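Each of the next two complexes has chain A plus one other chain: chain B in the first, chain C in the second.
And now, the complex of A and B:
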């Protein structure tokens, strides 16, 4: 926990700047690798920066039958809440900015906030496409929350069963990598849980095949259809930051390793090594759960999204949880 | 259900069009939605009328052939071929055999190109962009072949009244054969990608169903009709060009995939199989390509004077990639035709949207709309505007207007 207020503020600004820059870079990376997988060249890595810069210079159009204050507020809330998530997640070797203030449960709630802001903005824009998109976003949220909760609870339960106090705290999870606690059966369970979390990620980020709320060909952009200029720029920054946040959550839950500590490097160099290792990990997570999935599938219908999450992924998640539990019981016996 | 009752049970309407990413060409849809379910469907074409027939009425048939090239951006040969055949019928021009074969080869290359284009569009409508890029990349091979044979990628300008403008040399023949081998090798791969993919199966099987009865009653044509089990194909039923010499059978969804069910999936199957059929047809044509002239009359002045003297009516029908395309021409011993009417294949297919879309989900609208491969620029022959507003003409209006026109012409 950072003690003083100035240090806290400095940390917040640093995390915000870091997450926006890395988020946009991740988006650029995704566009390049997706393009390569589709036999295209793709845009330069800095394309998202160019896009955002251009959007920021553009006019903000508010539709006639929109609710202006809500319409304009939604992107700000979305970006602010997305950045807030990262205040609670460890970045590289650094402890979370607000580490003492919250735990995994809070992070799960915060994760819904950008989506809720998006829904509010969609309903406030007064377009039938945005309304349908907002409805779909709500349904998608309800759908993916359940498997996400299973994963989080499974990991916390395993830590608690090992007799570790404060199992939901991210500092605890970071200090006790969960892979070290389980036997082979539990490792299989954890692997299943990791896959579930990787498939929850594209829905959280509204990417193919779970991009039903935005569905370009059906809803012409859905929720975002009426957004333009600075508001759209804020939403695209949110998208980048959310990508970092989700990838960081995956890394924090399943790979809380620090290369510097393993290699025995300390001090400034160690911090840099940790940060680079962390960036490598989140890039890898984003590559698997965003780029690879989105180039290899068609978009689901909204009812298919629900059945994928509630039936297939929930069963997979519960099976993973069960394996972890069986493993623990067998370990005790 | 009465109109009023329908209005009450349908809570909100979603407009799609005239310009919308789900549509590749302008058409205006109005959907009555109940949640995500489509309850009522209405559509208004006529958003992209260009007055091509009107332009044609001021030109001689040789000039019109160039105009017909530009009716559609994809079926470059279909319209010019069908117009040329109508005029040849009137002027009693006999097309040399070699020209007929060259026409057939290009006609089938165009079908390969068009079906691959459609496959890409369909994949994109499903949100499967990787497949879209793949389909369009392999389509380039056929575009290159067409460019090599005709000199153009689109608007080929190859058909002439009484034949074709360019011959196929031996080097070009080898090139075409190489291209066909490429597609032959690719066909299985494409079939696996489109037909075995579980997300495509989930989205297409059992959706956008057009029953055999509806397909027949609505007079649908082409792959749309064949996917519903109608055994019809102009190439099989009324052979033209070289098709009489060749072995062409209408392609229906095979029993291995459950026979014709009339859904979107069947339309994908039919089109993919037709690519294979086209490869076979081109191979046959190249194998038995006869020697000889490629034009009935190479001298333009003589051709024009024959056409100027021609009198009578003619109908040219060809099997376009989307179904039967028909041109009606009436000549009355003048330079320009007396009458010229184009009926593109999509004109017959558009009405099938209504039974297909009712009861489906909003998410399926793009793929179902695309599944008949609509070509609206070809279809739009009329746009009614009155006092600056667009208007709808009912059947009674049309009958009245036709009677008035007949009386005017009788005078």
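And now, the complex of A and C:
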């Protein structure tokens, strides 16, 4: 926990700048990797930066039948809330900026905020396409929330069952990597839960195959259809920051390892090693759950999205949870 | 309006059919295949005119389409480029003496680059984009 106000502000600014830069780089990385998988060369790594610079210089159109204040406020809220998530997640070897203030439950609530801002912006744009997109976004949100909750609860339950206090706190999860607590059966359960979380991630980020709210081909950009210029740039920054946040959550829950601590490096070099290791991990997570899935699949229909999450992934998640529980009970007996 | 230097490395394209025979559309789709890979230069097809920088217009503009073409053109935020793909849009092409035309395109909205051909090959469309980029660079230098 950082005590003084100036230190807190400096930390917040640093995290914001870091997450925006890494987020855009991750998006560029995703575009290159996807292009390579389709036997193309793909854009340069810095393409998202160019796109954002161009969007910032473009005209900002507010449609006639939009609600202007809400239409303009939504992108700002979306970006701000996406950055706020990262204040509660550990970045590399650094403790979260607001580490004492919140736990996993708060992070789960914060994760819905950018999506809610997007929904508000979609409804405020006064376009039928955006309205349909906003409704789909809400349905998607309801759909993926349940498997996500199962994963979070399973890990917290395992920590609590091991007699560790404050199981929902990210510091606790970071200090006790959950893989170390379970036996072989539990490890299989955790692996299933990890896969579930990796499949929740593209929906959280509205990427193919769960990009039904944006659905370029049928809804013409859906929820973002009326956004242009500065507002669209803010939304694409949000997209990048959300990618970092979701990948960080996966890393924080399942891989809270610090290379420097394992290798016994300390001080400044250790911090740098930790940070690089963390960037490597989130790139890996983004590669699997964004690039690979999006290249290999086509878009689901909205009703399929709901059944994928509520039926298949929920069952898989519950099976994982059950395996972890059985493992714990057998371990005690 | 001032053209930012990032503009010509990040062209987002919106495609508008004003009554074409679909031949030009197929060639446009061929242009964005991995063989030509325009994403190398930051070119991307977008689904909404509000996101676009380049308006690709095909077809001879029928009477019913003319007001829609104007509306879509107005919806593209400045700065913007209009490219006319296909002979139809330049002269009416095979439809030149049809009773229900309001076109060609430059009678309805201002056009920056013409790509002739019925339909033009993907190479021609790429060449048209290069011409558009050169024009943008010239405008940038003049600023």
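Convention: the second predicted complex is superposed on the first by the 333 of 333 C-alpha atoms of A that agree within 3 Å, B and C clash if a C-alpha of one lies under 4 Å from a C-alpha of the other, contacts with A are read in each partner's own complex, and residues count from 1 in each chain.
The rule is simple: a residue touches a chain if its C-beta (ideal position, glycine included) is under 8 Å from a C-beta of that chain, and two chains touch if they have at least 3 such contacts.
Everything quoted here is computed from the prediction, not taken from an experiment.
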item: First, second, both or neither for A:25, with chain B first and chain C second; value: neither
item: First, second, both or neither for A:301, with chain B first and chain C second; value: first
item: Partner chain in contact with A:128 - chain B first, chain C second, else both or neither; value: first
item: Contacts of A:57 with chain B and chain C, given as first, second, both or neither; value: second
item: Partner chain in contact with A:41 - chain B first, chain C second, else both or neither; value: second
item: Touched partner set for A:203, first chain B, second chain C, both or neither; value: neither
item: Touching both chain C and chain B, counted on chain A across the two superposed complexes; value: 38-40, 129, 216-217, 219-220
item: Touch list for chain A against partner chain C, complex; value: 31, 35, 38-43, 47, 50-51, 53-54, 57-61, 129, 216-217, 219-221, 224-229, 232
item: Chain B contact footprint on chain A (complex, rising order); value: 37-40, 128-129, 132, 208-209, 211-212, 215-220, 295-304
item: Touching residues (chain side chain B, partner chain A) in the complex; value: 12-15, 20-22, 36, 123-131, 133-134, 137, 197, 199-200, 202-203, 361-366
item: List of chain C residues in touch with chain A within their complex; value: 1-2, 4, 6-7, 9-10, 34, 37, 39-42, 46-48, 50-51, 53, 75, 77-79
